[in-house]
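Below, chain A partners chain B and then partners chain C, in two separate complexes.
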Partner chain A sequence: MTELLLAEKLNVNFRSRGETIHAVKDLSFNLRDDEVLGIVGESGSGKSQTVLSIMGLLESNGAASGSATFANKELIGLSPSELNKIRGNEIAMIFQDPMSSLNPYITIGKQMSGVLKRHTKMTNKEIKQKCIEMLHAVGINKPEERLGGYSFELSGGMRQRVMIASALLTNPKLLIADEPTTALDVTVQEKILDLILDVKDRFKMSVIMITHDLGVVARTCDQVLVMKNGELQESGDIESIFYSPKADYTKELLKKSKEINLDDQQKYTQTQDASIKNCLVRSTKAKVCFFLPKKTLFAEENVLTAVNEISMETLDGEVLGIVGESGSGKSTLAKTILGLQKLTSGQIEVFGERLSEVNKKELKEIRKKMQVVFQDPFSSLNPRMTVFEILKEPLDSFFPSMTKESVQKDIEGGLTEVGLTPEYLGRYPHELSGGQCQRVAIARALMPKPQLLICDEAVSALDASIRGEIIELLLKIKSEKKLTMIFIAHDLAVVRKICDRVIVMQSGKVVEQGPTEKVFFEPEKEYTANLLSAVPTPDPKKEKEKHIKRTQTQ
Partner chain B sequence: MKKTNSLLNDAWTALSKNKAALISATTMAMMVLMVLVGPAFSPYTIDETDWYKIAAAPSFFDGHIFGTDDLGRDLFVRTMYGGRISLMVGLVATLVSVTIGVTYGAVAGFMGGRIDALMMRFVDVLYAMPFLFFVILLMVFFGRSIFLIFVAIGAVNWLDIARIVRGQTLNIKGKEFVDAARTGGVSTIKIIMKHVVPNLLGVVVVYVALTVPQVILVESFLSFLGLGVQEPMTSWGALVNQGARQMESSPWMLLFPAVFLATTLFCFNFIGDGLRDALDPKDRTRGND
Partner chain C sequence: MSNFRFVIGRFLGAIPTLLILICLAFLLVKSAPGGPFDFERSLPEEVEANLRAAYNLDDPVYLQLFKYIGDLMQGDFGPSFQYRDYTVTELISTGFPVSLRLGVAAILLALIFGSLIGSIAALNQNSKLDYGVMFFGMIGISIPNFVMAPLLVLFFSIGLRALPAGGYNGGDFYHMILPVVSLALPQMAYIARLTRGSMIEVLSSNFVRTAKAQGLPVRTILLAHVLKPAFLPVVSYLGPATAAIITGSVVVEQIFGLPGLGRYFVQGALNRDYTLVMGVVVFYGCLIILFNLIVDTLYGFIDPKIKQNR
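What follows is the complex of A and B.
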């Protein structure tokens, strides 16, 4: 084995408003031929900046120093034109969001052929042939037709396949994958990770896999670098990192990821008592359809059924989990319960009132008892309002007769409750971190003292350690305030940890529902079982077993 | 405890730290003052012909500090009067069209569906009306007056703003904080005023900064066609237009009104830039609070 990439004392600095930020500090590592190197860390750990500096793709206020030699050639300080001979040719990269890394205005064929036109002297016919061959290699059927299509016609997983195909066109020696599956569903993630490993073997490449998910590392990598705040915490082969970690940070990461690990057989104590409970939300054959615009004047109406005759109920005091892949209609169901989306047919009763029959005033009364926390902490807070104004708004609308003093008291109290101090009141959302924003969003939802809290993917957009904190916070609030929660998530581990009962949804229908333990350990439906096994576990040995099992059944 | 601020308070603090905007605002204020009280200090009136000084160069001794035009009228007084008209048209017409345009566009975008379609088709119909034809019609029916120029320009300009604002609103409407506000029991009107409009401000302010100069130029175009202000009243646009014809023999006729016009346009652009930055919390750098 020879060294393919050797980094020594790599530093990345950013200058911003007169300050210098060290994004990467004295990082040294090496990557051998035919090896998968994982770089793990939370956001802000400098893992992406490391590879961007190697590729010469740093923002204009960033500077890299130190040394990175790729196939005996120094990359740091190379001019853009020289770098362009290497980028896309010998080193290829795929990114997190396949939607924004493919240009929606250019056909897939054109986009792929650009790479070959730049780096080879092939004729157009040969290029087309090669593109088809590569699309075929990444498992896209009917590649000839796809070439003339556009990226928005493809699903997220397909788009990532196209990205991988165009990365493979020039037969690179190194493939850099920056969080390639973070934006994808678990079942799709499983396939994409398998594909990356598969093409790595077939095309004899090395891979750098950047991720925050230790499960992904366990599934794919040979060597691991653990980073925090731009510094290397630990490096080593996968066995030693997972089974005998030395650095405290690695241990902490492992502990956290195992805490919410599915294979952990320890049963969580359930707070449910046997007494008969009130039913807060009851949905009977609820159906929500969206009418898509007609393609031609006399064409039949296109109907998308997002929620298809769902019957479910939420009992007083329980935490109900709703899981499913994207597009399964779980968010639409939440919006319908909140009265933000109209029912097409069926019935939803909230606190005993039928949503389709209430007037505006009654709806407001219901909403006072039912609040929501959304997924994206930045988009769920108005960027032009201070924290104080954000928290004041629900009070103003639900309790217009409150005095100024008690409003102030309530707001400060609410903020303290979610673990923030009153000094944050004058800040704007962009001055807060993602976790803090989510805390403010939770505080806002709690302002009118609701009985029911709906969390729509409330922790999905957060880093692992912050996710843990927010879950703790939600659980604490739940038990203190005797809240009922509907917890919507695609992350099964989180659901497993906090929910009493689970509903599994697939394309608008309920696949399975029941107590969490039963659904997770004795799933009745194959779909549920597949969903569960697709979640990567932070344990390389188990992942290897699973991989062998998958390749055998194929 | 830290004092809690509102968006406008914070914006004001940020704006007062922006040097370019501050200087521009001061210059504008001075110009407005000059335009208002300036003529009182001159011995001449706007329509008085000085038969001994036809197209005379600027001079301090006879009181024609900006010179005279080819009819012997004092250019200083005319520039000041012209400034009143130009600034008034620029500000009032813009203000009117922005108010209508933002409200209309925000309501259309936020309501969506059939209401949106109807409202925007109405805009399309108005767009289809030829501007000059519209102005001539107004003149024929109501006679010539400055007020009609405001109406004509305002009636056409708000259409652009309404369209831009509607597009932005559609984008903002999809954000989760709007849904959160609805679950928070906030009424539709309040959502539009507190959540949608403040987030539109950046776009609108830039557009206003571009519209004021544009409106001033449209007015001079109308004046040139004989549809705008009428002699002996004048505006900067009309003065520049006259001055341009005498550019070679008596350059001051062009120079003075042009300097005033250009300065105004510059100031508006800087103020607009400053406002946009000030109104966006992300673009302001905070002190140590």
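What follows is the complex of A and C.
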């Protein structure tokens, strides 16, 4: 094995408003032929900036220094025209968000052929042939038709496959994957990771895999760099990183990722007692349909059934998890329970009242007892309101006759409850971190003292360490206030940690429901089992076993 | 198929818009004090009574409106009150070519130079050039053309004596320069700012980063990836821009003494020449609706997402 990429004392600095930010500090590493190198760290650790500097893709206020030699050629300081001979040709890159990384205005065929036109002397016919071949190689059906289509017609996983296909066109020696599966569902993630490993072997490439997920590292990598605040914490082969970590930070990351992990043998004690409980939400054959615009004048109406005759109930005091892939209808179900989405047919009873029969005033009374926390903490808080105003709003709306003093007291109390001090009251959302924003959102939901809290992917957008904190907070609040929670998530490990009961949804239907431990350890349906095994565990040996099992069954 | 259906749908949708426009304009014109036969030296009463009867001015307003719409549907704009021997249709067909010439030249100038300047500013973002362009852009937008036109005349005609200060002279090139420039400047400035903004946004998009990672040279990235999305906002602005050029031409034609439609419109309004004013309003209304329709259809061809949703 020879050295393919050698980085020595690589530094990346950004200049912003007179300040210099060191994004990457004195980083040295090497990558051999045919090897997968993982760079892992939380957001802001400089892992993406490292590869962007190698590719010459830093923002205009960024500068790289030090050395990075690729196949004995120095990349740092290379002129753009020299660099353009290498990138896209010998080094290819795929990105986190396949939705925005493909140009929605030109056809897929045109985007792919642009690479070949730039780097080869192929004729148009050969180019087309090669594009079709590559789309086929990454498992895209009817590649000829796709060439004339656009990226927005494809699902997230398919888009990432197109990205990989375009990256492979020139037979690169190195493929850089920057969080390639972060935006995807677990089952899709599994397939894309397998595909990357598969094409790595077939096309004899090296891969740099950038991720924050130790499970992904365990599944794919041979060598690992652990980074924090731009500095290398530890590097080594995968076995030593996972089984005998030296740096404290690595140990901490491993501990955190195992805390919320499916393979954890410890069974969580469930708070559920056997006594008969009130039913807060009862849905009977609830159905929600969306009517899509007709393609032609006389075509039949296109109907998308997001929630298809779902019957379920939520008992007083329990934490009910709803899991499923994106598009499975779990968020629509939550919106319907909240009365934000009309039912097409069926019934939903909340606190004993039928949602379809209540008037506006009664709905408001119901909503007082039922609050929600959304996924994106930044966009669900009004950027023009201070924390105080945000928390005051529900009080104004539900308890208009409260005195000024008790409003102030309630707001301060509510903020302390979610672990923030009253000094945050005057701040605006953009002055808070993601975790703090989510705390404010939780505090806002708790202001009217609800009985039922619906968390719609409330921790999905957060970094691993912050996610842990928010989950702890939710659990604490739940037990202190005797709250009932509906917890919607695609992250199965989180669901397992906090839910008493789970509903597994697929394309608008309930696949399976039951107590969490039973669904997770003895799943009855194949879909549930697949969903569970798709979650990568931060344990390389187990991942290898799983991989072998998968390739055998295929 | 879908585009065709879209065009038909929009045509049908334009009918109520046009009807509302006609009614509002008609009522406004009628509510203005005075009438077409109020001269310095008043007419004998019998003559005026005969005139009013001949033009149906004694009917209730709603009947006049219905009759007017009825005539319009047969393509009849009616006779002019002021220019006795001309119909409104004849006046429009003599005035419009002048306005068309002025308007087309102005919009082309604004479009070409505006998008060019905006692109150059975007490609040199935060440089002195960029700040300079944006500064003059702001000035161009803020100074209305009735101020800009006299200033241009003062400088180029009276100061430098390089260009004629007014007159049409059969559409002579030198005579058209100042009117076209003063009409185009605010639009040019707006389009420049619009182009700059959207181009900066596209340049920082993830798909441009992908194109860079694929090793495409800057020129290819600009032509193949950036141009189309960056100019979408400019294309959709063309509709409002046409309306702005038309309203601007009313003022500019007056200032430079061009015998265009705008001048007829102003004189018609001052003389309470009901049919002439209405005729110009309806004609320009149709033109703006038509142009917006063309722009929206064009948009569908450029933006594949829109095409799919039609």
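Assume the second predicted complex is superposed on the first by the 554 of 554 C-alpha atoms of A that agree within 3 Å, B and C clash if a C-alpha of one lies under 4 Å from a C-alpha of the other, contacts with A are read in each partner's own complex, and residues count from 1 in each chain.
Here is the rule we go by: a contact is a pair of C-beta atoms (placed from the backbone, for glycine too) under 8 Å apart; a residue touches a chain by one contact, two chains touch by 3 or more.
These figures come from a predicted structure and were not determined experimentally.
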Taking chain A as the common reference for superposition, should the pair chain B and chain C be classed as clashing or as fitting? clash
Examine A:166 and indicate which partner it touches, taking first as chain B and second as chain C; both and neither are also allowed. second
Contacts for A:548 in the overlay, against chain B (first) and chain C (second): which applies, first, second, both or neither? neither
A:106 in the overlay: touching chain B, chain C, both, or neither? Say first, second, both or neither. second
First (chain B), second (chain C), both or neither touched by A:21: neither
Between chain B (first) and chain C (second), which, if any, makes contact with A:279: first, second, both or neither? neither
Just chain B (first), just chain C (second), both, or neither: which does A:81 touch? second
Chain A - residues contacting chain B, complex: 17, 335, 338, 340, 364, 367-368, 370-372, 374-376, 379-386, 388-389, 393-394, 397-398, 422-423, 425-426, 428, 430-431, 441, 444-445, 447-448
Touching residues on chain B, where the partner in the complex is chain A: 1-7, 175-177, 179-187, 190, 194-195, 198-199, 201, 279-282, 285-286, 289
Show which residues of chain A lie in contact with chain C when the two form their complex. 55-57, 80-81, 83-89, 92-93, 95, 97, 100-106, 110, 114-115, 118-119, 150, 152-153, 163, 166, 293, 295-297
Quick check: in the complex, which residue numbers of chain C touch chain A? 1-2, 5, 205-207, 209-218, 220, 224-225, 228-229, 302-305, 308-309
